[in-house]
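Read through the structures below before going on.
Below are two complexes that have chain A in common, paired first with chain B and then with chain C.
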Partner chain A sequence: MIGFFVRRLIQAVVVILAVFTVTFIMVRLAPGGPFSKERTAPPEVVAAMEEYCGLSDPPVVQYFRSIGMMLRGDLGPSYIYEGRTVNELIATAFPLSLTVGFAAFVIAILIGLPLGILAAVRRNSLTDYLAMGGSMLGICLPTFVLGPLLALVFGVWLNWFNASGWYDGSDWVLPALTLGLFYAAYIARLARAGMLDVLSLDYIRTARAKGLDERSVIGKHALKRAILPVISFLGPAFAGLISGSIVIERVFQIPGLGFHFVGAAQNRDYFLAQGTVVFYAVLIVALNLLVDLVQAALDPKTREGKSDD
Partner chain B sequence: MSPWLRRILLFVLLGVLVIAFGNARSKRATRVAQATEDGFLLVGNGTEPATLDPQIATGVPEHHILSAIFEGLVGDHPSDDHQILPGVAERWEHVDATTWTFYLNPEARWTNGDSVQASNFVYAYERILTPKFGAEYAKLLYQIDGAEAFNLGETDDFSTVGVKAIDERTLEIRLVGPAPYFPSMLKHYAFFPIHPPTIEKYGAMTDRFTAWTRVSNMVSNGPFTLTHWGFGHYIEARRSETYWNRANVGLEGIRFFPIVSDTTEERAFRDGQLHVTNTMPADRVAYYRENRPDEFRTGDGMVVYFYRCNTLSKEVPQLGDVRVRKALALAIDRQSIVDNVTKGGQRAAYGLVPPMGGDYVTPNVLRFDPEKARALLAEAGYPAGKGFPKLTILFNTSEGHRLIAQALQAMWSDHLGLEVELLNQDWKVYLDSQEKGDFQVCRAGWSADYIDPATFLSMWMTGNGHNQTGWSSPEYDELMNRSNRTADPALRNAIMNQAETIFLDEVPAIPVYWYAINRAVSPDVVGWHHKLLDSHPWQHLKVRKAGTQVEPVSAEEGAPVLP
Partner chain C sequence: MASAVTSSSPQLRSTRSGSPLQNAWRRLCSNKLAVFCMILLSVIILACVFGPLVLSNPNAQDLELGATPPSAEHWFGTDTLGRDLLARSLVGGRLSLLVGLVATTVALLIGVTYGMVAGYRGGRTDSVMMRIVDVLYGFPFLIFVILLTTIFERSIYLLFAAIGAIEWLTMSRIVRGQVLGLREMEFVKAAQVLGQGTPQILFQHLLPNVLGPVIVYTTLTVPGVMLLEAVLSFLGLGVQPPDASWGVLINEGAQSMETYPWLLMFPAIMFSLTLFCLNLIGDGLRDAFDPRSEK
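On to the complex of A and B.
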């Protein structure tokens, strides 16, 4: 198990370094720089600015300087929000994304998992059709449609929640619901497929033949294996949820991470772009590592390296 | 109990809980009602300001906040775009509109109690003009003698620049030539003063990335003082205790909300979260006009939407031919574009300079004349577009710009027989293409920094960085230079009118429409007026508490009389 963990950890470092390098190159290759604006300053002034910011140094120097800074935990300054550091921007935005994302994650599991299992157990019944029809709708209905719809109904019309903004303790509800329902739909379909696979296996037939009641067959024997595909989905899904969604943030006016993620690339805010991408990469890698460990604990086959990931 | 009965009971219980929750929540007072009670104004402000440093800021959202927390030499009038009120300067005089002397109000104070001195302005102007500071709006100060040479690094001696503190309360500014409109330029935040000891407490004079604009660090001199900056949430400014005219500030405070999406903002307005929106989604304009007329505000904006022609294009060298450019300009049905595409009260542009309500009259030249357009194209050697290379329209990625580009594509194809394709690029890529001249025809917009035709006309002079069409006309340059040397406003307007006529005759850039400013304003806001530059001196506004009558703050209240 320790060997497995160390192997995965080395892979993680390599992945993060690769992601950083690619981001560093791509964001600088893209035409236009942080100081190209509609009202262009004279070239002399832009050159002076670039020198001041160290952008006139050779790219290799900038690359290793960035890595050095990152190793010290400094993600650099933002060029767009002058006077603010990338660390600070991520530190203010991430807690919001985390709150909404975590709530959405819980909603997704609480709705998706029981729905999927119920659909599998009552396969080809009305319950199954309703659950799968509903989840298909959830997958097809984009968040930029569902979000404004929820804001309009529960915000503007019913006035149960604020239609947008981050004012009081209940402002996470509508965005989390919008995001959560979308993921719940995926989880329901994965859980149903996983459960159906397991229910056809010999050991379940044996359990039933032994006269166990259906509840223990599903709950004690089938569930553990049935949720394996769901768990491998949950890692990246959780990372995706807590790293913020630009759509949700715009619809509900939440100053989360998704906004910086997109804005930094658009504005060629080099350090902010690098910083958010590396932060996201670390999140994904860490959560995938966690998923691998959980899977290994649940399923010895993974531990022995027989899984295909 | 049967399982069904249990389920039904569970559902009923859940239903009762939800209804009780909803009932309790829906009785909350709206945020606007609460703010009105406290004398606060809630304003939608577009995006999160990149900075609150007056010498670095460049955008409209920044302008809204800076005009609340800082004050320049002159003040903005609440309703009349052409009037100027005293600001830090209580009066001023000039010689030939070239040498201006400003006498500062002895009561003008910084928030820390220091008096606002003439040297604070000199310091601010040296800072914005220093090349390595890289201020985009440094150009706005080029009207000052020696400013351009200093900003371009031709000299590092700031004493060569025409700004001088005669004494603590007297500031002299010497211009390159007569500019009767100079005081109106001073409303722009690029000309605002800063407090030198505060700047230097957090870095050198020309350090850009410092923390002096943070709430706890900032020292400012406006009617309001910065009290909260919740990044991405809102910025709050409260009535300043040190402002010279504090007795006549009508609001306790303002909160600016950076709401990027116009549809989210409009929902927030209906949800009772904002008194004033920053804008209005185009598809809601008709609804508000019809159903909520007491909340809908609209008026002309000083912005022109146009298409640049690359007169030096290698792929389509025909764009260097004035007949081709005119044919393109005449084949655009502008009225149809504003009626059927933009639909937000914009005006079809018949010239370049938007109507600004003063003495300047924009030449009424541009028409929709497809027949003449065809004749011009035939004269240039391309009857019915035969033999004309494929033309590419470049625009920055946006659904609104795409719709207009598609309309142009259809018009040029139908009326001129041209083959036109569309190309959209990400904002920075598009800026890069424009700057490098890597385009044929591309969409652009220009907004006024101050109310004067020169803000739209000087950019087309030879060698101006914003020209970007390759077009150059010695006659145009000469007229613009002459206008810069003319002190008499009527004569100056006539000269600029001649220059604009030349521009419209050669159309290196084809104007399409002039913007409208649409927004929703709560009827509780007293004293809100449409302004061409969308600059609202906040101290003149009030909010009306339920069941009370409130008179607007008069513009002249407390203000010293002008010479």
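On to the complex of A and C.
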């Protein structure tokens, strides 16, 4: 178990470094520096800024200096938000993204898991058809369609929430719902398939044969194995939640991390783009590590390093 | 080709002989939902391909007309520039479907080759290759695509390549799993003994045997690819106006949905219907190729 953890930890560091390198190269390959099409600053200010940011040094020097800065937890200054550091921007933007993402995750699990299990237990009943029909609908209504629709109905017509922006305490509801329902649909399908597989196994028949009531057969015996496919989906799902948050923050005009990232990429804000991506990478790698550990705890096969699916 | 047998009595189906592909096709055709989706999808595709030929120019503006709700003249209404939304939806669909098709082909080529090599080589090569896939799986690629689109000129070819380069992961896993089981079979051993090269064994002997799962996951990849294109276009990073794709139209519609809701509704419905059909056909194909999985 410890060996497994150490292997994954080394791998995590390699992944983060690779991500940073790719991002570093890509951002600098982009035509036009952050100040090239500038309407604001006079040339001497630009030159001073470039000197301050070290843009006149050769790329290799910049690369290693950036790594050194990051190891000290300094992500550098932002170009487009004058006078603010990337650390500050992430610190103000990330809580917004985290609120929405976490709420979406909870919604996805709370709706998806029970729905899928219920559908499997009452297979081919009306409940099953409704649940699976609903989840198919959820998969086919992507976030950038569902988001505007929810905003239209609950924001504009019913006026329960703000249709966009981040002003009130309730502004997380619509974005989280949009993002969460999409993943709830996926999780419901996975949970149903997982549960159906487990229910046909011998040990479930044994459990039933020894007279256990259905509740504990499902809840105690079947559930633990049935949610394995759901857990292995969580890694990709976290990645998806982050990608999704980029779209969602655009739909609802939330100044979160994704919103800043798109802006940074479009405006060639080197440090902001690179800082956001590395931050994302650390986040993703940490979450995947967590998923791996949970999976290893639940499933001995993964623990022994057999990656056969 | 085998569609003539669809009307035959269901009891006889299992005893009929035929190639696995024909059997799967027959089973697919007995799945009413899948057949319905195939018909609906065909209608959408035909409308997108041939519709723009008979309709007015999708980019023709009529500023005096402006945005009008659906009417007899403009079935889907017109947008703020007075452009016919039906024509734009169909032309947009054409582009979305084209991206879906081409990018899926890219994903197919990468995924199948990668998976076959990993599965056939086995051992250390396999575990390293699959570990890479595992790692890539957990990564939000949208971020890199967004960076890519800022570096290069935004073009549809970049879109094909970028999306194709992302969506091959599942395919490679599936193919690798199949090949891992197949490579110990006699026909592969025989080919090796005969001294055939690896590429020949892979593409001539192994490929036909993994065709079933490949077809199923290709069908399921298309909606994923189309979704990604739409997301990028929605963010303004994919297809560029005045060209339209469903993502572009949904983006335009979302911006003015409060006053002109139909601008969002129609492209969204067409897009979602297409995804719906593709997903259900994919599910149907999965059941058809693997009768045991029917639940």
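In this section, the second predicted complex is superposed on the first by the 284 of 309 C-alpha atoms of A that agree within 3 Å, B and C clash if a C-alpha of one lies under 4 Å from a C-alpha of the other, contacts with A are read in each partner's own complex, and residues count from 1 in each chain.
As a convention for this text, a residue touches a chain if its C-beta (ideal position, glycine included) is under 8 Å from a C-beta of that chain, and two chains touch if they have at least 3 such contacts.
All values reported here derive from a predicted model rather than from experimental measurement.
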Review point. Once the shared chain is lined up, is A:L152 touching chain B (first), chain C (second), both, or neither of them?
Key: both
Exercise for review: For A:Q266, select first, second, both or neither according to whether it touches chain B, chain C, the two together, or no partner.
Suggested key: both
Exercise for review: Could you look at A:T92 and tell me whether it touches chain B, chain C, both or neither (first, second, both, neither)?
Suggested key: first
Practice item. Quick one: classify A:V251 as touching chain B (first), chain C (second), both or neither. Key: both
Exercise for review: For A:P114, select first, second, both or neither according to whether it touches chain B, chain C, the two together, or no partner.
Suggested key: neither
**Study point:** Partner chain(s) touched by A:N162 [first = chain B, second = chain C, both, neither]
**Key:** first
Exercise for review: Using the superposition on chain A described above, determine whether A:V277 touches chain B (first), chain C (second), both, or neither.
Suggested key: second
Practice item. Give one of first, second, both or neither to describe whether A:I242 is in contact with chain B, with chain C, with both, or with none. Key: second
Exercise for review: Give one of first, second, both or neither to describe whether A:G134 is in contact with chain B, with chain C, with both, or with none.
Suggested key: neither
Exercise for review: Name the residues of chain A shared by its contacts with chain B and its contacts with chain C.
Suggested key: 30-31, 148, 151-152, 156, 163, 250-251, 266, 268
Point to revise | List of chain C residues in touch with chain A within their complex | key: 127, 130-131, 134-135, 137-144, 146-151, 173, 177, 223, 227, 230-231, 234-235, 247, 250-251, 253-254, 257-258, 261, 264, 268, 271-273, 275-276, 279-280, 295
Practice item. Going by the contact rule at the top, pick out the chain A residues touching chain C in the complex. Key: 11, 15, 19, 22-23, 26-27, 29-31, 123, 136-137, 139-142, 144-145, 147-149, 151-152, 156, 163, 193, 196, 235-236, 238-240, 242-243, 246-247, 250-251, 261-262, 265-266, 268, 273, 277, 280-281, 284-285, 287-288, 307-309
Revision key, fill the gap. Within the complex, chain A is touched by chain B residues 21-22, 25-26, 28, 31, 48, 50-51, 53, 56, 58, 131-139, 151-153, 208-214, 231-233, 257-261, 263-264, 267-268, 270-271, 273, 426-429, 431-433, 435, 465-466
Point to revise | Complex contact set, residues of chain A against chain B | key: 30-33, 35-42, 44-46, 48-49, 51-52, 77, 80-84, 89, 92-93, 148, 151-152, 155-156, 158-167, 170, 250-255, 259, 266-268
